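Below is one structure, written out as structure tokens, with a few remarks after it.
A, B and C label the chains in the order they appear, each numbered from 1.
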Amino acid sequence: MSEAAATPTPQTEPVSAPLTPAREVWLHFRQNKGAMIGMYFIIALVIVAILADLLAPHSPIVQYREALLVPPVFQDGGSWRFILGTDDIGRDILSRLIHGARLSIIIGFIVVFLSLGFGVVLGLSAAFARGTVEILIMRLMDIMLALPSLLLAIVIVAILGPGLFNAMIAVSIVSLPHFTRLARASAMSELTREYVSSARIAGAGTLRLMFRTVLPNCMAPLIVQATLGFSNAILDAAALGFLGLGAQPPTPEWGTMLAGSLQYVQRAWWVVTFPGLAILLTVLAFNLMGDGLRDALDPKLKR
Amino acid sequence: MPALLEIRGLTVEFTTSRGILRAVDRVDMDVAEGEVLGVVGESGSGKSVSMLALMGLLGSNAKLTADRLAFAGTDLLTLTPRQRRKLVGKDVAMIFQEPTTSLNPCFTVGFQIVEALKEHMGGTRKWRRDRAVELLNLVGIPDPGARLNAFPHQLSGGMNQRVMIAMAIACQPRLLIADEPTTALDVTIQAQILELLTRLQRQHNMAMVLITHDMAVVSETAQRVQVMYAGQLVETRSADDLFSRPRHPYTAALLSSLPEHAERRARLATIPGLVPGIGDRPVGCLFSPRCAHANDRCRAERPDLYRDPEGLARCFYPLDDSGRPEGVAA
Amino acid sequence: MLRFILTRISLVVPTFIGILLLSFMLIRLVPGDPIEVRFGERGIAPERLAQLRAEMGLDQPLYVQFLDYLGHVARGDLGVSISTKNPVLTEFLALFPATVELGLCAMIFAIVFGLPAGVFAAVKRGSVFDHALMSTSLTGFSMPIFWWGLLLILLFSVQLGWTPVSGRLAALYYIEPTTGFMLIDSLLSDEKGAFLSALRHLILPTVVLGTIPLAVVARMTRSSMLEVLNEDYIRTARAKGLSSFRVIGIHGLRNAMIPVVTVIGLQVGSLLGGAILTESIFAWPGVASWLIEAINRRDYPVLQGGVLLVASLVMLVNLAVDVLYGMLNPRIRR
């Protein structure tokens, strides 16, 4: 800085220094209050998920036979022993929610990992191979998109059998078309750029061209889609759980916790309310962050 | 001559994420009834923005101030939006640079012309249709009856600009503002459109403000010229005087970059550098970083507009008839 | 225009063949033999199994089976439900109007509230209303609708007692289905109060199913309108001295509608997905809950036929939206 002052510069009105791209994205992201709240919520959720065993006051599956449908602490009849109350067979709801956070994060992570990974490979293959391969891949994706995603997921689970793992596979397959289409579209637009031609002329092989040259430049939309994919995965897995096709009891998955809770609507509102609130807040947090990332990464929206 | 348009001290500022940008800086402008005024400058000089401000077409991030902004004696600054809309599109009309994107892609050409008539003139449905055909005929569109049902994307850029002109003159305005009307068009079409504009201007005794970055366009049409640079008015005088004896170095530089002014076989003159943006406005004369004659005073102080026998120039050392700066030892 | 429509239809054909293939493969992907699955835990004698396999053509090569399947589909024969022994198509058609009624009401709800809200937010960009609408719609977009349904039942049915909890009509009425749409049928019938009862049954499911489309429509309208408002032709319209109502409502909205229509069309698919959840919460006797029951009963012919019908339906709706898009956008219309 002191050196800069020594060199003579033309006299102009004061101006801020230009920014590096990453820093500019971060500065833009940071201005978005909603996105920051979402990010902090997700960080907190991940910490809760990691420390679930330490944080949860009870085991998520232990049934306290003497404490069925105990209301939360702030309502008459509630106690500090079960802060958010207990369910119909006497399990502590708070502990189940805390362990459910761990499950939701794992579900989101595995689903995004699988669908992003396969989607990128399929999408880039379609963009590079063109011809029959491209038509086959993209037609298959069209067919998958013709079915409502939840119905497709249900059908897949029906074939594979209900369960948390199969539900994750189903949701991954269902989210695959979005990643494939996005990867192909961004790769196609990058392929027309000069730097790809020069890399090709320089003798880069197809695989290197795909994953080293083109892929890094397609990352921005994929990162956004991955964030939004997290929220979709959590939502769809919870829906499957709710329908009895996802995680099976006594697994403390949030959607599964809501399955069959309709009968407690009149007697125990807390059984119904808290798991859904957990799903809503988590999905909202990922959507907020995804929106913020998209705005920050999309140069068109920058002012 | 009574002034039809009278602008004093017009300033427009935009709030951007990097600070406040002063796009128009205390600009004065007079246009007489039936006069053609050319406004010349590079992109970013504020020439379009000042006219958009007059029309009330600036976005909400723009702040407009002026000592006086009057049309035919009516103070525009005190008008309600409703009163202003009665004037805009009827007595003052405007055409734009990109004819094809300036027309609504979802409506036919006829609909868009008739709409202007309906808003300001009323009349029966039949009258409006006939008038629209008459207008298309007037601006030289062949088979006007059929063209009424055409969508803008079905017409060429030149045709669309003719439609824009028809729409603008539909209600017989007293002032037409043409914002770079030929820039986006092919060279052959440019001449046709300019000819059309001057013909219509003469026939209807309509005043016209012709905004352009092209000195050649101005030389063929305008009676008087204002040169703008970085939001400021830098020179104004009659077209003849300006072209034969420019006083401001910027005007001189613009003129010498015209092909017909160049010496045979010599390289075409260019002006080095760019118009200053939001972060690099000089402390002194805004043109000083690019001026061949600038000295320490130019770089430290901002000059006012100084009156000379024929007009105004914003320069400490205006050029004399031979093109040398006055008052500077050679 | 005709050429445009024909091109669109020809593009749909491979997708339809793919859907046929998918529904054909569905039963065969289920672990175990379809016949053994049908007989379940009771088991079946090996000779009887071979006989049935031959009867159903399951001993034929796969491509013969597929052609056979195509023949049946072409004749409208989608098989027979294992649990009810009724033809799948008959069952589907009986339940379909209930789903359509719910879906249509949800979509209308979404458009009636989403479109004006989106336009207003775009015009008043950065205002309190804009921020409030954006937060609300993002929350709506993130909503687990099965929980949202439970919450609304908790509030409106249980706490306030305003709306019924389940079904399409109070038990004291009986309406003979003519159109299959309860709102219309109840109006046509002599039963007084039946229409109101049908309406009250419809409100909560409509809101639940319409929440996500509402959020999507509002957000899409806003962003599309924001883009359009920056266009040159909006400046031209304002330069003509038109009122803001005309500039925004005619010149703006006409163009902003084009992407919104596409988004509304794309919502039909997720609407059917949402219908699965909504119908199961409100015991709504529609196609979606029928499919879930079929899965629980391992009634594979129903699942196969249902998947084929639903996928074809979504495909047709998307085709219709494509054509509508072409009609709205003169630049495509030729």
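Quick note on the criterion: contacts are C-beta pairs under 8 Å (C-beta built on N, C-alpha and C of every residue); 3 or more make two chains touch, one makes a residue touch a chain.
The shown structure was predicted, so the numbers you read here are calculated from the model rather than taken from an experiment.
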Most distant chain from chain C by Cα centroid: B
Inter-chain pair with the most contacting C-beta pairs: A-C
Rounded Å distance between chain A and chain C, as computed from the means of their C-alpha atoms: 25
Rounded Å distance, chain A centre to chain B centre (Cα mean): 52
Centroid spacing, where centroids are CA-atom means, of chain B and chain C in whole angstrom: 54
For the chain C and chain A complex, residues of the former touching the latter: 14-15, 18-19, 22, 26, 29-31, 135, 138-139, 141-144, 146-148, 150-151, 153-154, 157-158, 269-274, 276-277, 280-281, 288, 291-292, 295-296, 303, 307, 310-311, 314-315, 318
Residue numbers on chain A that touch chain C, as the complex places them: 34, 139-140, 142-143, 145-151, 154-155, 158-159, 161, 231, 235, 238-239, 242-245, 255, 258, 261-262, 265-266, 269, 272-273, 275-277, 279-280, 283-284, 287-288, 291
Chain C residues touching chain B - in the complex, by the definition given at the top: 231-233, 235-243, 251, 254-255, 258, 328-331
Chain B to chain C touching residues, read off their complex: 52, 55-57, 85-90, 93-94, 96, 98, 101-107, 115-116, 119-120, 151, 153, 164, 167
